[in-house]
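The following pair of complexes shares a single chain, chain A, combined with chain B in the former and chain C in the latter.
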Partner chain A sequence: MSPEPHATTPVATPGKPPGQRGEDVIHNIGYRNYDGPRLGRGYARTSLFEQSLRGAYGLGRSAKSKVLPMLLFAVMCVPAAIVVAVTVFTKAKEMPVHYNEYVILMQPVIGVYIAAMAPQAVSLDLRFRVVPLYFSRPIERGDYVGAKYAALSAAIFVFTATSVLILYVGALLAKLDFGDETKGFALGLVCCLVFSVLHGGIALTVAAATPRRGFGVAAIIAVLTIPYMLVSALQGIVASQDNTSAIGWLGLASPGSLVDGLQSKLLGGDNAFPRGEDLTAAQTSAYALLTVVLIAGTYALLLRRYRKAGL
Partner chain B sequence: MFNKTVARLTYKALLGRRRALLLCALPLLLIVVAVAVRLLGDVDDDVTKQLLGGFAMATIVPLIGVVAGTGAIGPEIDDGSVVYLLAKPARRSSIVVTKLLVAIGVTVVFSAVPTFVAGYVLNGDSQQIASAYAVAAAAASVAYSALFLLLGTVSRHAVVIGLVYALIWEALFGNLVPGARELSVQQWALTLAQKVGGSGAGITSEVGTATGVTLLVVATVGGAWYASRRLRAFTLAGEE
Partner chain C sequence: MIAIESLTKRYPRVTALDRLTVGITPGVTGLVGANGAGKSTLIKILLGLAPATEGGATVLGLDVAREGSAIRERVGYMPEHDCLPPDVSATEFVVHMARMSGLPFTSARERTADTLRHVGLYEERYRPMGGYSTGMKQRVKLAQALVHDPKLVLLDEPTNGLDPVGRDEMLALIRRVHTDFGISVLVTSHLLGELERTCDHVVVIDGGKLLRASSTADFTKSTPSLAVEVTDTDAHPDGTEALRSALAAAGLSVQAPGTAGAPGAGHLLMVDATDESAYDTVRDTVIELGLGLVRMEQHRHRIAEVFQAGDESGASGTDPALAPAAGAGAAAAPASAADLALQPQKGGGDVA
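And now, the complex of A and B:
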């Protein structure tokens, strides 16, 4: 359906009695055509983005669906507030936890949030077979995928960046060095952004593969957590064998350690790898390349998934 | 107390279709990793302990427990077919006990056996490390099965709650808050590993042996009892 009103077709205007349209009309029961403004593709895209983003926090949904996201949001923010309180009252010279480190440290909580919210964004559309209805509107495949991808990434970004913001405000309240803290905060936001886009893409790709919510939740947790646990265990082993370069290469194998390595090298944090050593130049480029490939790859896979909308 | 038909149905539900795929993939991953580590460098007892303790006991065993424990009863309650089972002249408690036994059997086979194989591949059971962790995995499987079976009868979101327990409680809080470790099935089961392992193995647990075993038994029996109680007072869930 095109966004313009159908100017060329005969329109039964309100004033005329029915039955005055073209001769080809067999039975005119006087329905009027819509001739108001049509908001078009861009509006539909923004609405889809907005609704999905609100849905990821349970806003505009039943009270029951607000419980889990809000609870997890609290679990994510309360430790940050505690860290701030400790810093202010002990008059420490710097925060006990750095901005980037906090995000990496809280990964299990973020993982559960992503796993709960990604299937809710796409699996339910598949399960109740409403995807064809979306595509009967002016939006196209790219709009749907783009809006959902952006909405989930934005939801994760809000989820992580809020606690980073709490840490920053706390640092200013504790009268830590303004320049240092502002720089750390800005880099922390970039870290959140990379984290959100990468994890949002992976989670959506997994969730879009199944119309069943429970299965999607389990699959996303498995995809995000098992590799991370495995990588941590293997890095520990490799570190005890004094094979330091392998630690960095192993970090490529899970999304969590990928972001961890990347932020330690490029965004001025410390990584949680066993030896805490920085990546080499070759490793850094491999990390950056893999991140870009994963983000682009998951987007392409999602586009491919929705090529046949009939499911 | 053991109902053959219920056992057969549960067994089919657990090892049918995609669930079986997940159940096979996890142990396979563990063994592949063990082989890879073995081929990469020299493996001593510490490395074996790191892999079995940090990956097998901490990740694989709870996940298998979640999949098998909730899978034994959850889907039936979800799609409503449990009504046909409950309408048969079989005691509710015997239904729960049968389902629990099948879930325990599946979990032990898919977690303890691969743990032993992985340990054996790594260091050939020196200091009885492989057997120690296999025993611990088996004991943990029993408790996990009972707990997650109970969860399956209590909530529709059993899988999510189970995963939250396994990953957030045992992995995250277990690392940050020392007290949380005493309330974890994994630590209770490790007391057995401590007993079985050789003196040089140095496997440690947060709780004493007597406490650990008692808590394991309490968790298992209590879980089974409450699950059968839930099933006896079963009300049909309406639409969400």
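And now, the complex of A and C:
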């Protein structure tokens, strides 16, 4: 029991003989020091981004975790493929659904995907207290939050932009006007980008505030759908009273209608608002400003959320 | 390795560290203190994760306030709490953590395999960690702290929650981290006794203040003593007491050990054996008094006893506040008298 005299011990000796205890025999491939490269914060951030993005599709996770994202991904893409098939077969002069319109139309599916994936991007680390392990490494708070934010946004972008791409390929197959379609497709990608970054930020903020995964899923669905349904209902009511400017202003009140209004004005689509009328100049500025504020605000809230998490 | 200079950390309601000044040299150093003594707070400051209120520290020559990121690249950290996601395997997890430390993917994989083997995790490393025992989880936690081959690891209560066997294994592993891997270790514990076998140096803090810092050898090196146990006789109904006064009269320094409650306690005397003649004196005195000698054995001081002795004589300059708690801990755990749990002294308060 008495301590052996371990005065100053030399640095690791490779091929050291096994320890005293019998089971230590396997340890006898001595410890090797690492003197390869240490790639630092930037690399760690990219690795975290990559791992989180893959995780959002269940890659590198158990087979069970792949089912839901892949299923939803299929649900998102199949209607686009059908639209393409119909266009090609009927030799239509234009696509029945516009690129941006498709994204707005498929919001419920995208919402379920976001609600399922945002919590697993951040809640697991919080709930099982893995976060301190990240912060005990070279990366800083901003690296972690930035990587997670970018990863979820990228995952949503892949989720939405793939169907937009399917529509574009279909449009080319149907020999529709190349210039028009390419422009529409490019604007469609921008629409997906705005949609993804905005929704990614909102969903992550909600998820990080609710470490219990189940609550997170429910809360995100609620935040994404309830305001949207309310906005649509109220817009319907004011539309029946011919109050066209109120329709536009109401659209500010949910993330979905925000993107919808913005894309109809700036990205050459039609909106799903009751009268389908474009936003006024004042409304457009308000939409753009609110979008920027929401993106920056959710990022700031996330940074704040992790201020104490490392300690 | 680490230089801490007048380091103070105040939270709104408590002072977690109070002008702490101590240097930590290469090797295995134990940081001992009761719950709330400020051990975890110190580790967080050393990692550059929490700012000091006053004072400062350097780790591997890097300043904690300005060069936290560089420190964390060369240092490993094992938290006291659970930190493992249950649905991932140890291999995947440690590979990921190695990459977070900056290791390229292939190196991360190689080092993960090596490190998990070194901490004693074999086939089970491919299974989700949710099904692991506490001992296995602690090993994974240690592995993720070692995987990037740091110069120094900070281990926060690594033996917490382990059974005695698991604890001995963990302590042996920690010892090997230094002897075999060449990595210096700062390990915290609220158990004073368990560190004496593992550490080269021990730093004791209480209420954020330094109580004592010295080599483990210094802690245990004081005068060897002789444990003597005798029977009672009709002439001397309290044989122990009779022997105590006789030996004191003969000029020997005698104490009844403070390990009250330990088996045979009230009957044991500790005699300072300053030279060989003490043995003869004890033997002769026992015969003179006509007592039966149950045992007489040489006894090395344990760290905890050094503290108790310091309390009783008031001479060693340690804070007496630690000793009563240490005694209570021993009484509660007679099976391993060496592991004296330091109970919280004052209502330190758990601040959320």
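The rule is simple: the second predicted complex is superposed on the first by the 274 of 311 C-alpha atoms of A that agree within 3 Å, B and C clash if a C-alpha of one lies under 4 Å from a C-alpha of the other, contacts with A are read in each partner's own complex, and residues count from 1 in each chain.
Heads up, the rule we're going with is that a contact is a pair of C-beta atoms (placed from the backbone, for glycine too) under 8 Å apart; a residue touches a chain by one contact, two chains touch by 3 or more.
Bear in mind that the values here come from a model prediction, so they are computed numbers and not experimental data.
S.K.: Per the contact definition in the header, classify A:226: touching chain B only (first), chain C only (second), both, or neither.
M.R.: Touch status of A:226: first partner only.
S.K.: Touching A:218, do we find chain B (first), chain C (second), both, or neither?
M.R.: first
S.K.: Between chain B (first) and chain C (second), which, if any, makes contact with A:236: first, second, both or neither?
M.R.: first
S.K.: With both complexes superposed on chain A, which partner does A:74 reach: first (chain B), second (chain C), both or neither?
M.R.: neither
S.K.: For A:38, is the partner it touches chain B (first), chain C (second), both, or none of the two (neither)?
M.R.: second
S.K.: For the overlaid complexes, name the partner, chain B or chain C, with more touching residues on chain A.
M.R.: Between chain B and chain C, the winner on chain A residue contacts is C.
S.K.: Should A:128 be classified as contacting the first partner (chain B), the second (chain C), both, or neither?
M.R.: It touches chain C, and chain B stays clear.
S.K.: In their shared complex, at which residues does chain A touch chain B?
M.R.: Going through chain A, the ones touching chain B are 108-109, 111-112, 115-116, 214-215, 217-218, 221-222, 225-226, 229-230, 232-234, 236-238, 240-241, 243.
S.K.: Could you please specify the touching residues of chain B with respect to chain A in the complex?
M.R.: My answer: residues 18, 22, 26, 29, 33, 37, 41-42, 46-47, 50-51, 54-55, 58-59, 63, 66-67, 78, 157, 159-160, 163-164, 167-168, 171-172.
S.K.: Give every residue of chain A touching chain C within the complex, in rising order.
M.R.: On the chain A side, the touching residues are 1-3, 6, 8-13, 16, 19, 21, 23, 26-27, 29-34, 36-41, 43-44, 47-48, 51, 60-62, 65, 124-125, 128-130, 132-140, 310-311.
S.K.: Chain A touches which residues of chain C in the complex?
M.R.: Listed in rising order, the residues of chain C that touch chain A are 26-28, 44, 47, 49-50, 69-70, 72-73, 76-77, 79, 81-88, 92, 96-97, 99-104, 107, 111, 114, 117-118, 120, 122, 128, 144, 148-149, 172, 175-176, 178-182, 196-198, 200, 216, 220, 300, 338.
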